[in-house]
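Letters are used for the chains, namely A, B, C, D and E, taken in the order the chains are written, and counting of residues starts over at 1 for each.
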Amino acid sequence: MIRSLAFTTQGRLHSKDIEMFLMPTLLTDTNLFLWIDLENPTPEETKFVLEELFHFHPLSIKDCVEASLAPKVEEYSPKEEDRFALYLFMVIHAVDYSRKDGVFATSELNFFLGKNFLITYHDCHIRSVSLTEDRAVKGTMHIARAPDRVAYNLLDSIVDNYKPALEELSLEIAELEQEALANPSKATLNKILQVKKEVLHLRQIIGPQREVLARFARGEFKLIRPHLVPYYRNVYDGLFQISELAQLYTDSLTGILQVYLNMSSNQTGEVVKLLTLITVITTPLMMIGTWYGMNFDHMHELRWKHGYLVAASVMVISTLVTYWYFKRKKWF
Amino acid sequence: MIRSLAFTTQGRLHSKDIEMFLMPTLLTDTNLFLWIDLENPTPEETKFVLEELFHFHPLSIKDCVEASLAPKVEEYSPKEEDRFALYLFMVIHAVDYSRKDGVFATSELNFFLGKNFLITYHDCHIRSVSLTEDRAVKGTMHIARAPDRVAYNLLDSIVDNYKPALEELSLEIAELEQEALANPSKATLNKILQVKKEVLHLRQIIGPQREVLARFARGEFKLIRPHLVPYYRNVYDGLFQISELAQLYTDSLTGILQVYLNMSSNQTGEVVKLLTLITVITTPLMMIGTWYGMNFDHMHELRWKHGYLVAASVMVISTLVTYWYFKRKKWF
Amino acid sequence: MIRSLAFTTQGRLHSKDIEMFLMPTLLTDTNLFLWIDLENPTPEETKFVLEELFHFHPLSIKDCVEASLAPKVEEYSPKEEDRFALYLFMVIHAVDYSRKDGVFATSELNFFLGKNFLITYHDCHIRSVSLTEDRAVKGTMHIARAPDRVAYNLLDSIVDNYKPALEELSLEIAELEQEALANPSKATLNKILQVKKEVLHLRQIIGPQREVLARFARGEFKLIRPHLVPYYRNVYDGLFQISELAQLYTDSLTGILQVYLNMSSNQTGEVVKLLTLITVITTPLMMIGTWYGMNFDHMHELRWKHGYLVAASVMVISTLVTYWYFKRKKWF
Amino acid sequence: MIRSLAFTTQGRLHSKDIEMFLMPTLLTDTNLFLWIDLENPTPEETKFVLEELFHFHPLSIKDCVEASLAPKVEEYSPKEEDRFALYLFMVIHAVDYSRKDGVFATSELNFFLGKNFLITYHDCHIRSVSLTEDRAVKGTMHIARAPDRVAYNLLDSIVDNYKPALEELSLEIAELEQEALANPSKATLNKILQVKKEVLHLRQIIGPQREVLARFARGEFKLIRPHLVPYYRNVYDGLFQISELAQLYTDSLTGILQVYLNMSSNQTGEVVKLLTLITVITTPLMMIGTWYGMNFDHMHELRWKHGYLVAASVMVISTLVTYWYFKRKKWF
Amino acid sequence: MIRSLAFTTQGRLHSKDIEMFLMPTLLTDTNLFLWIDLENPTPEETKFVLEELFHFHPLSIKDCVEASLAPKVEEYSPKEEDRFALYLFMVIHAVDYSRKDGVFATSELNFFLGKNFLITYHDCHIRSVSLTEDRAVKGTMHIARAPDRVAYNLLDSIVDNYKPALEELSLEIAELEQEALANPSKATLNKILQVKKEVLHLRQIIGPQREVLARFARGEFKLIRPHLVPYYRNVYDGLFQISELAQLYTDSLTGILQVYLNMSSNQTGEVVKLLTLITVITTPLMMIGTWYGMNFDHMHELRWKHGYLVAASVMVISTLVTYWYFKRKKWF
């Protein structure tokens, strides 16, 4: 699917859903800039836009079409024989709520950013893209005066979209903390490790994206006008906060794991205590009972009138003394 | 709430609680500088001061109004069309004793620092701000000759305010050390992990603030006059000491955790020892008792006159020997 | 074995399996470039190509012939008395499926890259080399216009060859995760540690290679034409992704190890619980049985008509109560 | 207490214990330089020397008078209105044997180093200072030709003074290693953690001091003449060795802790083994004894003539077999 | 002991074991260079060579004579009043097989490297030195044309000498891996920690030496001619490989330690399982035996004709059922 929008440099929407054959003409108009959004495009569409219309460098087309885990940014400046204009190619990852494999399933979003065009390429629907499109069409003026501005809005929206996922994670961690203390079971360990994995995944997603955005924040690229650099720095700060949170989550989870492991080894300790308690409590009875179960002929105690009473009393008293002794020594 | 103070460059207090309509006039007077403190201001007040009076960059206003975990400093230098003067925007976090969620609850403090103005913006009362205000009004002369000097005093006071919280933490850690050795319980583990969390939180607060202040200490900003740079370096050293202390606390807590875990597994070990001791001590009696409880017709020992005495003696002696043997082998 | 290929700078194959005595002549032709592949060569072949034909620096020849764990790249620029031309010497490691000692057995591949020649030297057959050779011969034009282009294709193919090994590893890790939860045995621990070792090995292989390729990606070498630098950067990105994966694998394995150790200590805990359960359940019977096994003359209970019934009932009831009590307290 | 020494630039001692009112005169003599040592001075002395005589920057005076954990070095270069000459202010920490809280109790030593003066300020007696004083007075000529030379000697002596403390630590660690293997008790754990704390403390002291001295070693300061830089580099190397040792100690202690924890969990394992051994050994007797203690009427074995003998033999044999079986399986 | 060699710049041996009084003359001859090797020299020899002959800087003489753990390199360039020529002073550590305290006992080797001289100073015999001496005398021409070349050969030989020690270590680690799995005992733990200590020691030796050689590899020193820099880089690569190996060894040992600790806690788990097994198996017999050992008058089972048979059968069957039940649940 191709969606295309043309804006004037005054920030007005010029046209929408432009016919393909019109695009080359619009691109020559210096008062316009084009945003073409390729969502899960057919190979023909991809070929037309990336190769025939813009003649992008084959490497960047390859990186765009192939799935990749690593965000990147690369500036392609044309040489004499090249037919493309100076452009930035960027790969960034957005949180994807349409996929169901964990909180931080991500979709790749590819940018081609030039003086008067912005091409976005993604395999599945990304909310940030459609949201920014809506805002650009409605609230034009402020947002849609230049491709670097639109790109900023896209990136800002992508970073903002991490936040609900982070809050979900934060809730899960708080729950796990309760669970580890109150009722530690095998399932708890599994959940702890699952969440830890997701936080690690988050850190792995965020880390390289931070590095990519740091280059924007430092103003390394000619295509980003200097007065927009603070805006990109703001996006960078957002990512920085996310990675700080991820660090916090990691530390919390390590703590929770320690609580869990301690609780679980405490349980064994408690069971051993119970075993010992039972042994201790029954020992006097078992000793006396076994002893006077012997069949010697000359065990005078057995013949005594109050022998049984004495034995029973000794048993009860020594049981109580034992119990009291270990109670006082805080064994139990 | 808006509080405003105007000082002459000679360090005298010129006026206080200035009417809003007078502010623009005062700002044009090169012999004066203004400190406007916005504490939990209404949106109208915010708008008037930040937008209408100073025309600050919209990004810095957004960062100021929104809560954020990350301290930052950003220099905004105006371009032709911009209506604001060169200024520094800074976000810093102060310890907040009015909030009750842990020792290191923090409040955000925003600065706008210009040649002849200092705007501070915060959502709740911050002691350092009111203290510095008092000192600036009373002890003028020395402190209140320029906004960068006032800003230094504010930062210095904020860093100083961390110290009581650090001492509280230090006491808690010393207590935990005692508790882990003397009486390790589930509650102790919980406390250890709670304090560890707070120390981690402290390190997360301090770390980025150090980086922000390092930029001042290196004299990166034109608005800070060179002879004030050592003062800022001093504030930086204060933060450095705090983060060293935080490192020390982390190490101590790791040690305490090791003691705790060892003590807790030692307890189980002790219980197992007790169980074994009881088993060992009662074994001779149980063996003899069970053996002579058998009902064979031809057990001559049972008929012997002193059979019972011999059995009892054997039992007592072997119990003592067993006990002595394990005592000597230091089992118990 | 020596294989040699000569290409024209237009990208056509000029000649193949060139006689040794012809090589010097071909090297003087500026319209040609030569690729000589030495696979497990005889000392004479090595000597002829590296020393007599190209007069390479003795240090690079030594590094080439000796096996080494460390990848490296070194630019040799000739001085007046030297008889060699400017060249790059590079050592890189390819995954070697022909060896059987683990997934990431590697073979060393040595490059000598000059303006108009590429020498590859390796002790055993490397698939990437023969594949690139085939592609260069067939699909000439695009690939085979210059040695730096061929070198890129080789490096790209080597990095691609890591991927099947990585996927194998990924499957093994997923299996181990299942196994650690379902059926943790000594063999599982062994496998976990084995896979961890391989991942560590992978990281040790990839780390220094990344550093070598980073120098290409930064465009440090004159012999790599600037418009090829993005290609090398692409290879670098591939390595970067591999090392990210390796990091992910390490983290997963650490988690799996934690699960394993916990499951294994849980097993002991379960066994102790069983022991305690049996002791608890049998205690009432043993106490009553032992007690009424005593031979006192005056134990009236023994004479009662329903004494036995009462004793049996008490035993059954107290067993049930004990069982129910511990059941309710979730001991079991 | 103020001690003061004046040396000629030829290295001779000019005068000692100079009257305060003479100091300003001596300072104007370009052929002399002054070393003033303030040991626990009265506020008046401090004020006279630091403020009235040298007019030092108020910040450096504040840093000097206040206790601080962080070593630092700062160059103060005067501006027009300032009345002090260019000087270095340095805070360094010396090992203090007079205090009793651990091996690495430290005292702060403050330096003010100028072209023709050296002021040292410390709250308690520091051996290195008095030693250097003695050497400067006796062996003048070589040492006492310039303040930067004297400062080097002081620093060298301070670093040397760490060595006895390090050796004490090294002995303690060797002892702990023995103890952890031979006789691990709660006290051992405590000692291990105590020593670890001290090593961590040492590293925290040394780390920042190394950074301070690295700036000298790099020749960053104009007041240190270039040909003295290797000397300062030597002091830096001394600190480097100490921090290497501290690293070694940390690693050793981690190893000792592992031994300790293993030995302590081994002890529990041994106790469990003993319990099992006793159970195993007594099982045949208990089974036979309990079985033939039954009171069934028709137990023919009980009536057999050699029943008892057979039972006893079976018991002895099965006990021996059990023992031998577990002995062979290396259980015990 | 002093050994001295003079070579011509053409690489021929000029003279050997030169009389001390001849040395100054030889040093003035620009066609010669001198290698003086001081092995455990007398103070007089040291003084003559280092002080009287070359007038080296007193700091470097002090560093040379004193033992030190830290390798270093320092360039001493003379000032007007100094009487020495530009020289490099270097301290490096060689593996010393003559000492018996561990695999990586090292001896210090000091270099003084000038334009036309090389002084080596060491307290005990170092094989690399005598080997290089022999090679320089025999295979002159190539090696012995300049002091920087000889120094390279020395360093190369020293690095090569680490390899046998590394291989020994590698064998020990492989053995430990077997032992930890097959037969983990206290001695194994001790050996693991011993070897870990040695590997840590190795890393501590290698780390700083790498830094020293990195400075050579970067061509920082004027006294090393540029075309020799790749040779020094080669030595650096050797050290790099050693430190990579050391990293690998550390990782292996950590894995072995985990295996050991797991095996050792598994052993306790197995013992507990055995205890439980015995308890489980004997429980039916003990219950029935104890129950029918009671002396109630009215226990009709005792009077039944087949009572004993029934009891025995019940006992055998329930024992078998219990055994089979736990067998099926994989408890044993």
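We adopt the following convention: a contact is a pair of C-beta atoms (placed from the backbone, for glycine too) under 8 Å apart; a residue touches a chain by one contact, two chains touch by 3 or more.
These numbers come from a predicted model, not from an experiment.
Student: Quickly list, by label, the chains bordering both subunit D and subunit E.
Tutor: none
Student: For subunit A versus subunit C, which are copies of one sequence, does the interface use mostly the same residue numbers on each side, meaning over half shared, or is it different?
Tutor: different
Student: If subunit A and subunit E share one sequence, what is the angle of the rotation that overlays their CA atoms, in steps of 5 degrees?
Tutor: Fitting subunit A to subunit E on C-alpha atoms yields 145 degrees.
Student: Between subunit B and subunit E, what's the gap in Å when you average each chain's C-alpha atoms?
Tutor: Comparing mean C-alpha positions, subunit E is 42 Å from subunit B.
Student: List the centre-to-centre spacing of subunit B and subunit D in whole Å, with centres computed as mean CA coordinates.
Tutor: Distance between chain centres: 26 Å.
Student: Give the residues of subunit E that touch two or more other chains, as numbers and ranges in rising order.
Tutor: In subunit E, the residues touching two or more other chains are 265, 268, 272, 275, 279, 286, 290, 293-295, 299.
Student: Can you list the ring's chains in order, from subunit A toward subunit C?
Tutor: A, C, E, D, B
Student: What residues of subunit B sit close enough to touch subunit A in their complex?
Tutor: 57, 59, 62-63, 68-70, 72, 74, 76, 79, 186, 189-190, 193, 196-197, 200-201, 204, 208, 257, 261, 264-265, 267-268, 271-272, 274-275, 278-279, 282, 285-286, 288-290, 292-295, 299, 301-303, 305-308, 311
Student: Name, in rising order, each residue of subunit A that touches subunit B in their complex.
Tutor: Listed in rising order, the residues are 181, 227, 230-231, 233-234, 237, 240-241, 244-245, 247-248, 251-252, 255, 258-259, 262-263, 265-266, 268-269, 272-273, 275-276, 279-280, 283, 286-287, 290-291, 293-299, 331.
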